[in-house]
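The block underneath contains the structure these notes are about, expressed in structure tokens.
Chains: A, B, C and D, in written order; residue numbering restarts at 1 for each.
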Amino acid sequence: MRKIINDPVHGFITVDNPLIYQIISHPYFQRLRRIKQMALAYLVYPGAVHTRLHHSLGAYHLLSLALQELIQKGVDITPEEKEATQLAILLHDIGHGPFSHALELSLLNTHHEELSLQIMQLLNNEFKGALDMTLLIFQKKYKKKFLCELVSSQLDMDRLDYLARDSFFTGVSEGVVGYARIIKMLNVVNNQLVVEEKGIHSIEKFLIARRLMYWQVYLHKTVISSENMLTQILKRAKAIASSKNLFATPALQIFLQSQSISQQDYLETFLKLDDTDIISSIKVWQNHEDFILSNLCKRLVERRLFKTQFIHESEVEKVYEIKKKEILKNAIISESEIDYFLTRASTSNETYNEMNQKILIFTKGQEVKDISTIENSLLVDTVLNPTKKYYICSIEGFS
Amino acid sequence: MRKIINDPVHGFITVDNPLIYQIISHPYFQRLRRIKQMALAYLVYPGAVHTRLHHSLGAYHLLSLALQELIQKGVDITPEEKEATQLAILLHDIGHGPFSHALELSLLNTHHEELSLQIMQLLNNEFKGALDMTLLIFQKKYKKKFLCELVSSQLDMDRLDYLARDSFFTGVSEGVVGYARIIKMLNVVNNQLVVEEKGIHSIEKFLIARRLMYWQVYLHKTVISSENMLTQILKRAKAIASSKNLFATPALQIFLQSQSISQQDYLETFLKLDDTDIISSIKVWQNHEDFILSNLCKRLVERRLFKTQFIHESEVEKVYEIKKKEILKNAIISESEIDYFLTRASTSNETYNEMNQKILIFTKGQEVKDISTIENSLLVDTVLNPTKKYYICSIEGFS
Amino acid sequence: MRKIINDPVHGFITVDNPLIYQIISHPYFQRLRRIKQMALAYLVYPGAVHTRLHHSLGAYHLLSLALQELIQKGVDITPEEKEATQLAILLHDIGHGPFSHALELSLLNTHHEELSLQIMQLLNNEFKGALDMTLLIFQKKYKKKFLCELVSSQLDMDRLDYLARDSFFTGVSEGVVGYARIIKMLNVVNNQLVVEEKGIHSIEKFLIARRLMYWQVYLHKTVISSENMLTQILKRAKAIASSKNLFATPALQIFLQSQSISQQDYLETFLKLDDTDIISSIKVWQNHEDFILSNLCKRLVERRLFKTQFIHESEVEKVYEIKKKEILKNAIISESEIDYFLTRASTSNETYNEMNQKILIFTKGQEVKDISTIENSLLVDTVLNPTKKYYICSIEGFS
Amino acid sequence: MRKIINDPVHGFITVDNPLIYQIISHPYFQRLRRIKQMALAYLVYPGAVHTRLHHSLGAYHLLSLALQELIQKGVDITPEEKEATQLAILLHDIGHGPFSHALELSLLNTHHEELSLQIMQLLNNEFKGALDMTLLIFQKKYKKKFLCELVSSQLDMDRLDYLARDSFFTGVSEGVVGYARIIKMLNVVNNQLVVEEKGIHSIEKFLIARRLMYWQVYLHKTVISSENMLTQILKRAKAIASSKNLFATPALQIFLQSQSISQQDYLETFLKLDDTDIISSIKVWQNHEDFILSNLCKRLVERRLFKTQFIHESEVEKVYEIKKKEILKNAIISESEIDYFLTRASTSNETYNEMNQKILIFTKGQEVKDISTIENSLLVDTVLNPTKKYYICSIEGFS
């Protein structure tokens, strides 16, 4: 069997393994077609409507290229290991719900990585243990560490794909990554994934592209605003649904009202949820009698968004209090409801974390070194320190 | 005022006119963010999830370039005409509903062009006549014919954008069009839009790219299957909703039950409808007690699609009867319900229609000629005849 | 061994066979670095300065992809056959001299295909018979016809690369070809190269792109002018060199004066010749005492080119006579010298030649059919007839 | 008048000013068609054969876009200033000779910037003072500083074009720069060119892309080797030409023998020199009786290059002495000739120089700040320090 999928980012993606094709065709995986990779970022970047399914296929494709490269270089990888690693990356995001970040802050009580694991276990049962090795690799427990690192590390195929894909669909060309070159430079030394020395500038460029995508796209002020609004909407809807009748699609209804639900029911309902449940319900809530809910929903649907302002840590309290007074002045809402319209928070990003799964360079002198210890490295202290930014996100008048 | 929008297809789109910005910000226009340009084609081409809003902005951008070019060449276009033409193209698709083609075959009774006109009139009232000239241009009644032709003809900026955009997002590189060159070759002679002679090969290439996109993408067999299934689902849902209770989002509910509804209510409800209403409802219908509805919905959601087969006209009846027998054999459905699972139909496309708003070439000898009459033209009889293909679309067993 | 070469058109080109690497490193092949693929076309398209070496590597790369594809589909291709076919395409243009077309019309007496063959034989001697099979494939004598067809036919990897490459470097985006898709659709039936039916639109697009590149680029009027001027320059230089002392680089000198020269000396000198010999000599000739030579050279160097005019066959004589009178009027040159400044000629191109090595389509019904016999084919009679254009190329005043 | 030039990097370049068109058509400018922008880098990156003419046109194009942007933002720029700035960037590289770097180290005694100035003055005489303002801008003496900065500074349109162009033609995608976004973010405050704050990440990316291009492309070890070999060849040829007869094209001959030559003759001869003079002469020198000259030339032509090794400063002397012994061991050359085959040197590059024409950011708080003083800047001390690398470049055996 051999299926070819058109991908504007990587060209053609080939699937030639029946088990992998079955997993891709499974309703759990097909559901990712209805979940946008970048949540509400399309409110700023209209092209950013690509899906988690597309990203998962892309990461699978890059991984396949990387495995082919390593095998050609003589690294020992069995057909079973190849399949298991391909499945692991294909399923690495299977636990994402719609608008994942906002949903985790409002309705869910389980992190998406944990959900990915549980869903893989469900599939493993269904496929009678065919995913045993996949589960080990996903949990970083498999003996060949470099396979785990290809799936999840600071230089995994997941990151390579999402940076390439997100810059492609947003049109932010600065995020373009030379993934072909990086993959050609991969190798394995002492069971660890390494990059040959002449690939070092490509890695630096990759880390800088990622840094840029964080500040320019993922943490764009308008994106922060819209995701904050969505979080508040879901919190308010949950508060209302506990006492009143509130329209929602059946799957969403369960999450709005979930007091006690068995883990299996939880998972099953979760697997029915996607972007359309959230958005179609929010559209209805625009006309709800609750002022807070309808106001927030109307704004989000019509794209009249809160304003986010980055400010110095020391100013946060002061600005927060001023904004609060302004908002409460007109007495439409009470002080206890202020959180729905005003948030102080921080966000941070690190270009490279030397504590974490390091990026290792294999020098011409046959040594393995952390990239941040290479002479003339771009990744010096200041760049290594995570950048943390404080912000206030608030409504600008109720009109 | 000056807003810049990132577009992966054209680079940056600039909006620097307050009225145009107000129209873009209007909920009617923002609604197009939730309607996919290519309906269900994403089931074949996973990248094809771009929206009608994005296409409308792109067409506006190309039109702006074309107007700039013509003005530089000395064509008389006033600022008012520029704005009106920009608005006309921005709003040319405003009457599209979700999954437009399937919806028009099942729930709607008005064509999207007529709806576009009605919605533009609504906006014109709201903006106190500011769209008067826009309406004339959209209806091809404005005196400067070439402005109307830029908005709608066989070489309009709408087609230029959708071909470029659809090939970009599907990854079908064969559809790429050299729009920059075409725009540079535009001119106006005797109030008609013409292409300078040295642009002739670019036009030929554009027509062939369009032909290719039709057969490879828009009329792809799997796309035909899924759109046919969606049409059958909506027809069945409408039939059920007339007598039984059926879950649907409020806006969709009205269309399912619409017996008599005033034109204004019709328009208002229509303007609330988008892809999420259809998809979120179909997901719920997967568990409906009606076998036909639930079976069709489950298949569509899980992407187990009908099979479409192109066959010779003379074979249609024979193949249809065979398929019909096969389907009815197992007696799950009755003969009167066969249309839900088996369709015979045809589809056609013409590369260039010489009867229609022609593409005119301005020769070096200063003559204006129909492109199909140019010596050595690619657009000879056989190519001019519309290609019509007959097909059977059918379920392959109920399992 | 494994070398990676950066190619802006195809990404990375990998060479992992020692013999192939030796051939690439050979001075005969390296000489192609100094020969522009598109001769003087850079006078119109400034980016078109890419070399025959680059094109040969690109064609080798596409061929390698095609062989990999066929092997994966189960076609029997031995490692020796793979290597031999790769060498055949790598060397298919080795017999091109600088500005090949103009040179063949003025100084050479052997066609470049014949020279390619002779140089391959030289290399085969040097490499002790390692190119025996390569020679068979290049001469279309090898038993596995499809290997010969990949190297030379209406759908060979040579054409695929030069169209992609030439449109890339000229910036004529209309020539872009979806070569990745075409390669994925290749197969072998009855020892013949075929294209699977669903690739038919890509082939049509490829033929149309080629047609467009011919008229818009290769046969661009200014390109015709400059190549005609170069031909006249070399003819005049040869005429002068027979009787007078004329500066030239040593290799060019031999061709200018070649009365009788052994075939081996001929080949050896030919292998020393490249673009720099021609251009550096022409620059010196700008100051030669012969009016015709210096005038033509000065014009070409300073890009003050002849004018080419396409006209109807029936008009050729008339226009030619008028031009001739105009040119001779001022009495700078005599009638016998008119050919240096005035040419009447024709040029033709055929989109697809059904007589030749046909492009075969493998239908879903498992039949093999010539692409021009497929229903609804674009390649109907009118398109199949070669297009022939007549032109006059002339100086416009001697000032 | 209006000419359109196809550029694969930027699309279409428009020239619509008669004086600018005359300058582009002038033989001094057309000469840049025969000088490769990246000298011998094509020995590593086969696509890097683009010319200085193409780059000059590209920089002119980006400058035109930048001026249009600034004018739209209300910056006062007169038509005369526009033209003069366009001419200044068009001519900024007019003083480059073939293989500029190697030539300046061997045959020339004037720096290319000084030559550019002298040639502009020649043109200014020919055009009767039409380039007066151009000369002021090129020399940074014009009152509107920002116009000078657009032509030459750490963020000039020259750099923007060459980074974009060089990465395009080499295929090193990591050098791709989001120039469109940078240009949209330009503004003028207090007569200085500034970048609006939200463009800061694009600037960081631009500086990192430049850093990467330096180490991966411009200072690639094989590029260093080949340019060093060319320098040695020209030095040896000059030494020989002083006493013996040596073939060379006439223009090159003058530079090889130049003892005393008037400045005007110097300039005139310089303006005749291009890549073809150097390469066609080197090809002949392959057979010269002088062992050193012929050996070096043969190696360069056949691409059997020296080896360059980056080493720590402290090791330079030691490694140099070892290499020297190795080379002299076989006694083919004498110790006094060692420099022709062995070089120790260093090369350096700085990502950003805060001492120089700074890159200024215009903050949302309306302040103008050096980019290196912005909070969380990537451009911290370590990155600001120029990176200096020491290397040894040597022959590896005479065989």
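Methods note: contacts are C-beta pairs under 8 Å (C-beta built on N, C-alpha and C of every residue); 3 or more make two chains touch, one makes a residue touch a chain.
Fair warning: this is a prediction, and the values are worked out from it, not measured in the lab.
Counted by C-beta pairs in contact, the busier of A-D and A-C is A-D. Of all chains, the one whose CA centroid is most distant from that of chain D is B. Inter-chain spacing, taken between the CA centroids of chain C and chain D, is 32 Å. Rounded to a whole number, the gap between the C-alpha centres of chain A and chain C is 50 angstrom.
Chain A and chain D have Cα centroids lying 43 Å from one another. Counting only residues that touch two or more partner chains, chain C has 11, 172, 180-181.
The touching residues of chain B, when paired with chain C in their complex, are 172-174, 176, 178, 180-181, 201-202, 204-205, 208-209, 211-212, 215-216, 376, 378, 380-383, 387.
Against chain A, in their complex, chain B makes its touches with residues 5-9, 11, 25, 27, 30, 33-34, 42-43, 45-47, 49-51, 53-54, 57, 168-172, 247, 249-251, 272, 274-277, 279-281, 283-284, 301-303.
Put simply, chain B touches chain D in their complex at residues 2, 4, 11-12, 72, 180-181, 184.
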